[in-house]
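Since the structure comes first, as structure tokens, the remarks are kept for the end.
Chain nomenclature is as follows: A, B and C, assigned in order of appearance, with residue numbering initiated at 1 for each chain independently.
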Amino acid sequence: MARRFRWTLPLVVITLVMAACGTSSTGDNKTVTIIGTWTDAEQESFLAMVKPWEESSGFTVKYQGTRSINDILAAGIPTGVLPDLAGLPGPGQMADYVKAGALQPLDDVLDVATYKSETSPALVNLGQVEGKTYGVFIKAALKGLIFYNPALHDYSADAPATWDDLVSQGAANQGNAEALWCLGIESGDASGWPATDWIENILLRQSGPDVYNDWWAGKVKWTDPKIKAAFDLYMQVVGDSFGGGTNAVATKFQNAGDPLLASPPGCEFFEQASFMSGQGAFAAKKAGTDFNAFPFPAINADYAKAIEGAGDLFGMFHATEGAKSLMKYLVTADAQNIWVKRGGALSANKNASDYPDAFSKAQGEAVAAAEQFVFDGSDLMPSAMNAAFWSHMVSLTSGSETVDEALAALQVVADDAYKPAS
Amino acid sequence: MTAGSAAIDQAGPKQGWFARNHIGIHTALIILMIIWAIPTLGLFINSFRPSTEAFGTGWWTAIFPPYQFTFDNYLHVLNQSNVGNAFLNSLFISIPATVIPIFVAAFAAYAFSWMEFPGRNILFVVVVGLLVVPLQATLIPVLGLFASWGIAGSFLAVWLAHTAYGLPFAVYLLRNFMGSLPREVFESAAIDGASPVTAFFRLALPMSVPAIAALAIFQFLFVWNDLLVSLIYLAVFNPDNLPMTVVIAGLISSTGQGLEFLGAAAFISMALPLIVFFGLQRYFVRGIVGGAVKG
Amino acid sequence: MTDKLITAAIVVVGVPGVLIGYIWATEQVLRILPERRRPGVRPWLWMAPALAFLAIFLVYPMIGTAIHSLQDNAGKVFVGLDNYSWFFGSADALSSLKNNVLWLIFLTVFVVGFGLLVAVLVDRVRYESFAKSVIFIPLAVSMVAAGVIWLYMYQYKPPGTVQTGTLNAAIGVFGAGPIPWLQVQDFSVNTFMLIIVMAWMWTGFAMVIISAALKGINPELMEAARMDGATEWQVFRGIIFPLLVPTLVVVSTTMIITALKAFDIVYAMTGGNLNTNVIANQMYAEMFKFGQYGRASAIAVVLLVAIIPIMFFNIGRFRQQEAVR
């Protein structure tokens, strides 16, 4: 037996290694590898969007959806193990990837003139680093929608135009609702983000887009009275919320709006982004009839036209023929319309407007028509700042910190986080 | 096996409150079992309920009529486009990533416990000390290695990585177990002219079966439940090789939908590790060591 | 698909074959050497595969990490101990360190204590397999699922509404609560709630190992004591427990290290908010979220240094074991 073994051993080793390696393929010229955050229904929509391009170009898309895209790219940048195209965690990381020389410029890839005419300037700018375009938006979301239950009071004809209006109408139409607001900010390791959206929406309407943009860029101190004013108003909302701050911190954002639809309702209003219509109890209800939404009201009349949005950035790591062709296709209205039609997304492209229902059509038009469009500020901050912002919003909401304590602590983080990278 | 336990059975009640089958033992054990089972039971029941029910009312309300059970959550998980392939991948990753470290660790543990060489204890402590190396700190350099070897994206890469990550604990556990075996056994084997290889395969390995079985379970579980390692080493070059955990993580959408499917997914993915556990249960019995000594 | 099946077939037969073949081959190699040199060379051949794996996949990255901890983010400029002074100077880090001490003490005591208790108790009943399975199941649960399971346990709803969380509903029966378990920072209650989740998962781990050691004890030893009229408790105190001590040290050491590296549960359940953060979570954030490789590396090195005392204790223990066997 021993003698026979002597020959089989090297053979087995060789076959084993070959077999194990044989399954590793880095993709041939006719394949475009993509990693994105979209899974499940979103993944199906993305693949549906890509399909016509695959058929016309003869390329195949190899797509993997995962929410751990941050980890994959953080490991991929220094090692060069990167897909052809990928969703990018945010504009901050995009700039880092550009600096590392990993992301490829898109100016020669896209039909720039058409792209710029069809996309909101704010979104175009966010995809640029030092004048070159590196990231494009595949879909967008509208932040700061106020959801309400028409069964309690139908605001579709007379949506409150100002904050004071909203508070007084809320008091007048309270009916058997327990509280003015619903609030829920729990989201695992990202807990607190719905509260940062609140601060952003308030700040934008109180102090305008210029202060807003200086704030996320680190040019306005957290301890500035304008920032404090936004935090103070948010604390009023916490005080007027169903179950108070303790409940807000304990409630998953997905289910935060459920009391709005309960009977008797727990609250009258609930602030969230446009994608909320697919979450929690909203998912089973009909948008426009069972629930509806109006835009965040103005606080300072000068900034009545400002809206906040967010979106999914997309970038190119390998400038292969297929990748370039696909990138060019993805920003077109034809491509984005496919996803828009399937629902669950707002288009980043103004000309893609085949929304499946009146509810999402209204949000899509709001994005397309916005005069002053700003991007989610916390997503634009350095990631350490963003994380601290989330975290302090949790402490603040739960009542374990005062506004002044939170702002002072955030300024300490800012002093470190905005330091120019060495 | 039987000789020992039969004798204990006969020891009977006169041995006091700590004796076999004493009522106090049953009470304590059953209370512990209930405490341990309740959290999982809650998820199990909720996994058969529609999401509005599961999040709106406590799981215990489902025990009473009207019943509103559904298989929808399970069907949704099983209908994920690549779930079958991912399940096979999980097997392809987990089985070699369990077998390899056990053998490699057993060789090293045998050397550490029954061979004399200078620096033995220091080297051993260094090996065990590597337990504390945070996995996340190794991902980037190791991915760089795999990329330069051209095996990033292959099963081989994940086997090698999981073997290394599992080794410190495996060596530690097996060295402790093998080191406690009686010295006479090995001395008499050596006198009979058995080589270390023979002593290892005929004595050390069979006598360590309970520890190896325990190790096999843990290593299998850790690899089976791993998400990060597979994702980093496989996702870019070969997403077709990704395991079940990636599919399960994908049930939650980028905007946070899909929480209700996690329960069903958890029970589907737990099934196999539990079968492994039940399968290996029979090696956790008294007498394996004694039997090997006599044999 | 078919090439996957071929791979599987080769692997199932090949992997054990290669490994057993390697050890067999080393003996052939040793025959070339003169007999007196063999005992000096043999252990290194037996350990070679393990050492190679560890050197490539753990030691090499750790050396890089140690160097990186003395550099800035880009890995170009030597910054001395700046990253370390940042770590020990930040309030967040000190709060995390304090939490890790709680984790270390209570997770270890809880897991080893209950693991031992269960292992000893199940040894004395007929439904041993079933009881063990119940305690073991949580270990088979992935971290994501554990997060959902304990979400249902700790859930909080405002007072006056129906409580859907198991714990709040249970104390509600007695008119108490509801308590927002993961928000109570007094006496680090929220950190303890996270430790409980981890302990619930890992008790099965300790139980399996301790139980395996228990089954390894020679039954004749216990029989002899019983014949001499010892009660079961005396048998446990005098014979079983001392023989289990080495295993308890192994389990405790493993749990201490697990506590130092505790990460997933904190990440999934509280994200480290409200003073529940731990150092491994901080390291992960610095490395993968903030791109601060220098700082992340410094934290990894701190972790490594922290276990040195425990390792020295282990050396002492192994010397003892060898002296008595």
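Operating definition for what follows: a contact is a pair of C-beta atoms (placed from the backbone, for glycine too) under 8 Å apart; a residue touches a chain by one contact, two chains touch by 3 or more.
All values reported here derive from a predicted model rather than from experimental measurement.
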Q. Most remote chain relative to chain B, going by C-alpha centroids?
A. A
Q. Two chains share more C-beta contact pairs than any other pair here; which two are they?
A. B-C
Q.
Report the inter-centroid distance (CA atoms only) between chain A and chain B in whole Å.
A. 37
Q) Measuring from the mean C-alpha position of chain B to the mean C-alpha position of chain C, what distance in angstrom results? A) 12
(Q) Could you pull out the residues of chain B that touch at least 2 other chains? (A) 55-56, 140, 155, 227, 249, 259
**Q.** Junction residues of chain C - those touching two or more other chains
**A.** 4, 7, 11, 15, 24, 287-288
**Q.** Multi-partner residues of chain A (at least 2 other chains)
**A.** 20, 23, 71, 74, 187, 252
Q) Which positions of chain A touch chain C when the two form their complex? A) 2, 5, 8-9, 12-13, 15-16, 19-20, 22-23, 70-71, 74, 93, 96, 187-192, 242-244, 246-247, 249-250, 252, 266, 382-384, 387, 390-391, 394-395, 398, 400, 421-422
Q: Would you mind writing out the residues of chain A in touch with chain B in their complex?
A: 17, 20-21, 23-27, 33, 35, 37-43, 62-68, 71-72, 74-76, 78-83, 141, 187, 252-255, 258, 273, 275, 278-281, 283-284, 312
Q. Across the complex, what residues on chain C touch chain B?
A. 4, 7-8, 11-12, 15-16, 19-20, 23-24, 27, 39-40, 42-44, 46-47, 49-51, 53-54, 56-62, 64-65, 114, 117-118, 121-122, 124-126, 129, 131-145, 148-150, 152-153, 162-166, 169, 200, 203, 205, 208-209, 211-213, 215-220, 222-223, 226, 231-233, 236, 246-247, 249-250, 253-254, 257, 260-261, 280, 283-284, 287-288, 296-297, 300, 303-304, 306-308, 311-312, 314-315, 318-319, 321-322, 325
**Q.** Complex contact set, residues of chain B against chain A
**A.** 52, 55-56, 80, 139-140, 143-144, 147, 150-157, 159, 227-228, 231-232, 235-242, 246, 249-259
Q: Please name which positions on chain C make contact with chain A in the complex.
A: 3-4, 6-7, 10-11, 13-15, 17-18, 21, 24-25, 72-74, 77, 147, 151, 155-158, 161, 180, 182-183, 185, 267-274, 285, 287-292
